[in-house]
Amino acid sequence: MAEKFKGIIPPMITPILSNSKLDYDGVGKIVNHLIEGGVNGIFILGTTGESISLSYESRRNLIKETATRIEGRVPLLVGITDTSIEESLNLASLAYESGAEAVVATPPFYFHLGQEELFEYYWDLANQTKLPLFLYNMPSMTKISMSVETAVRLSQHPNIIGLKDSSANTVYFQALKYSINRKDFSLFVGPEEIMAETVLMGGSGGVTGGANLFPKLYVKMYEAALAHDFDRIKIFQKQILEIATLLYTVGKYNSSYLKGVKGAASLLGLCENQMASPLKPFLPKEMEKISTNLEGIMANLNKLPL
Amino acid sequence: MAEKFKGIIPPMITPILSNSKLDYDGVGKIVNHLIEGGVNGIFILGTTGESISLSYESRRNLIKETATRIEGRVPLLVGITDTSIEESLNLASLAYESGAEAVVATPPFYFHLGQEELFEYYWDLANQTKLPLFLYNMPSMTKISMSVETAVRLSQHPNIIGLKDSSANTVYFQALKYSINRKDFSLFVGPEEIMAETVLMGGSGGVTGGANLFPKLYVKMYEAALAHDFDRIKIFQKQILEIATLLYTVGKYNSSYLKGVKGAASLLGLCENQMASPLKPFLPKEMEKISTNLEGIMANLNKLPL
Amino acid sequence: MAEKFKGIIPPMITPILSNSKLDYDGVGKIVNHLIEGGVNGIFILGTTGESISLSYESRRNLIKETATRIEGRVPLLVGITDTSIEESLNLASLAYESGAEAVVATPPFYFHLGQEELFEYYWDLANQTKLPLFLYNMPSMTKISMSVETAVRLSQHPNIIGLKDSSANTVYFQALKYSINRKDFSLFVGPEEIMAETVLMGGSGGVTGGANLFPKLYVKMYEAALAHDFDRIKIFQKQILEIATLLYTVGKYNSSYLKGVKGAASLLGLCENQMASPLKPFLPKEMEKISTNLEGIMANLNKLPL
Amino acid sequence: MAEKFKGIIPPMITPILSNSKLDYDGVGKIVNHLIEGGVNGIFILGTTGESISLSYESRRNLIKETATRIEGRVPLLVGITDTSIEESLNLASLAYESGAEAVVATPPFYFHLGQEELFEYYWDLANQTKLPLFLYNMPSMTKISMSVETAVRLSQHPNIIGLKDSSANTVYFQALKYSINRKDFSLFVGPEEIMAETVLMGGSGGVTGGANLFPKLYVKMYEAALAHDFDRIKIFQKQILEIATLLYTVGKYNSSYLKGVKGAASLLGLCENQMASPLKPFLPKEMEKISTNLEGIMANLNKLPL
């Protein structure tokens, strides 16, 4: 399992049309772009994919279309995060039928759960999904951080095979690494700025949003970290931070990162610059800035030893 | 409008069976219990109704069944809170077709929105619902508190007719009261412990969870507050606080209130003691405590001048 | 005790000079202004008094000077909030020697305490102060909200005689009122916007910042609330909310309230417009707005039946 | 400067006696223990030193005594964190007179500051201290996280020479590393669990609490990280996480870390097991656990290639 799930697994953006419907062609373009960039898997219906803003119909269409487009070239992971476990299980069934390899879920995110309730929720969920399950720690959105103790207990469920941590707190990540004694348990990190250091310290890889745009850069960084090649790590890290700085902080929205990834992807011809309510794409003036910054980044990227 | 929406509008609990399906008979029992208690309306699919834990099918069934059971005796308000605006609009359409009088929505609660994004979301939503819309401020669950300024701007939309505030912050409530200059705009408060004081200071009434259990008590408290009858206010307030203390704090869960209302309702024969995942009903030992406490409360209630 | 501590006890602003030293004349002016306005006591070294920004020398000077200027006309309450209990006790001793009637303390506010640690801290403190002690719940600043249970346990200490709640959460306030069964225990509220309603529901009065500026208004509101005179309550409440809106929200700082009170007080001739680091007074442009708004407020106030 | 401030600079615990007075002998013992362990500097009056719980007299005594005991063997850094800038400056003067090399300050931590106010505070402070100043980001205690932008602006002050980040958020740390373009600016990390990875990615070292107990382990880990010696990093990291797990999580207090370090230090004979109010040392039963765990750790340590 841990062999299958490692490396760069981008949280795929969801391409949508101006009428809020799924952009089927966009799905094909993005899938090919990612696979050509060397990614080790594709994760749909995560935070970056605006999953919980999409209608169920769109989510179902996305699962089927992505599976079709991937054609088995890389593993497909499907987000089934929802406030209703019944709807999560419906999505999990469809993921299974569509040929996905795993499902991924944050805690339910409306009520304030305790750790015991969180444990029971995930245990119940893992009992009922045919596909293996990744835990997804995302405290800024879900209002709960899975404790190390809860994660350890959950790691003993045979159908729970890994955890994606988007907390940005690497003390927590190191504590998970130390405490979970299952060799075949994958620990992925969300934020791309710390992917290299978590891989250096034993992490399995990154679910890095920027890999939607420049998959090769993140794949090469993963490889450099695995190889302890600090010359390349240093060069790539500077580039990754530059991307974060120039594309994800425009406009100072809480969702500048999401707007930036979608906006830049649209400039790269991967999709339209449309977002699902309640988020809106960048304004024209902000897109000008993204456009200028993107040009600079691409000029730089061309000089890198990728 | 403000004439129609005032007084006690309980956030109805959702009765479910052990197989997690909707308990149709329970709906009928609860609806009659509430209307016989004198309530001024019924609000389904709110926080107390565990709305966002229910499958869409259950939500749709609940809307139809409640409308049928009410038979037009009191206004029906339907919660359409969701992270996907398309799903909210689907629920709003069904509410309209079923004869409801208004819809109610919290902000979408996964992403961190800014006030401008919150404003645009509600404005868009109000443009697209046939029924009038109540805003629902619930910062502890949604991670955002609607600013007074945003509420004032939204109150200028002709299809937005009121706000339910569950923040428990009465400085905020008073600021809304002062700042919103529309006579026909209703301001409801959530927590029952402060319903009397907000009505004394000009509020429209309460969406009080305890009214699921003892609707008459809350209706009489509302009337006492309207009449400035402090003798009765004092007696009823003591009773209301006793209910909150004895039924809502057992077990010290984050959701002790929800477990307490559902558990007590089951003891009153209104529904089964079942909750939708991720919440679970009280354990048998906790239910013993609820049972004992409930007996004491009912003995007391019988002595009150209701 | 409860007879002594009730009504309006303003959290006195601390007048300071441009060299950050205490403005002794200012102390005299403010004390007289407050007493002439009919206040029931004066509370120095609270949040509004910028206590924890002052040097110990300034705090000691303020205690002595205020005591001297009051000349026994009203009770003096002294804030002894500090992160070091030894320094709190030093201030408490000086308060006692200077003739104060009570001391007031928030929890220590750097470390994250648990409820048991909070209980022990206050119990220890109350054991060591010669003057009676008021608890001061101020969660937005101290990162901890005293639980109702902790407050109830602390209310059993003979030297703890009351609590000031600045949480703005009146569910909490009502729970305290219900749960603390000591007749001679005073419950004060901080925010002036909700002073009337808490008094209507049994509160002891308000530690209201605006009373620095217009003590008579808040005193009359307290009396109206006691008398259940809703005609006057309605008029005064509108005025109080207008003050909050026009003076406390300029500039949208986290500390706009503090800057507004100090700025308006300086325009009333009570002190210089100086604040203790890290806070700074309003900028000239912001002060123009305060000045205009203050004129409007004073014109209105003259028409009120005070 | 950056040459002077790098490596392991432990946040020294403050030894106190049962009468809460400073334990002068303890200071000497701890200072020698640290220097013999090879540390690159000593930081007193930080969070681990319980600074803000100490009386001013104790803080002053500690500065003088530590300087005396160090005898110039390593640089002394002095925490001047306070809510009053005047008191911070008093401590800074004494630090200068005592021969310290730098001062360190968190933001003032009672009021909620904005980023501009935070910038102005630090700029003012740096203008007035004779010793160079380290910024200290500690959002969990101070309620404010210094933005990258604010840190960049502050790094342009000639008297601000570094930053200690205790946020545990390495996305933030990497953003600082990328954005601050001053070669002689030191970036230290607080939590020992992530010291290695931040040094691998370019950080200057660690202000690691566990180094009070086992200075050599952290010094050797720093050296291994500098040398990219992953065999040793892996061994030491496991040991460091074991220390954190066995000593810092006993009792599940918010301050278990602080109680654990002090408790273990007392078992090592470095000080008494006394803490400054409001914190209390571990209970006897908890100390038994610390004792057993400590024995295991020391047995392990003896086998390491230190």
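Remarks
The chains carry the letters A, B, C and D, assigned in the order they are written, with residues numbered from 1 in each.
As a convention for this text, a residue touches a chain if its C-beta (ideal position, glycine included) is under 8 Å from a C-beta of that chain, and two chains touch if they have at least 3 such contacts.
These numbers were taken from a predicted model, which means no experiment stands behind them.
Look at the CA centroids: the one farthest from the centroid of chain B belongs to D. Mean C-alpha positions place chain A and chain B at a centre distance of 36 Å.
Averaging Cα coordinates per chain places chain B and chain D 49 Å apart.
Counting only residues that touch two or more partner chains, chain B has none.
Chain contact topology: the protein chains form a single closed ring, every chain touching exactly two others. Applying the touch definition to all chain combinations yields A-B, A-D, B-C, C-D. If you check the complex, the residues on chain C that touch chain B are 168-172, 174-175, 177-179, 191, 193-194, 196-198, 200-202, 228, 230, 233-234, 237-238, 241-242, 244-245. Every residue of chain C that touches chain D in the complex is listed here, in rising order: 20, 47, 52-56, 58, 83-87, 90, 107-114, 117-118, 120-121, 124, 140-141, 143, 253-255, 258, 276-280.
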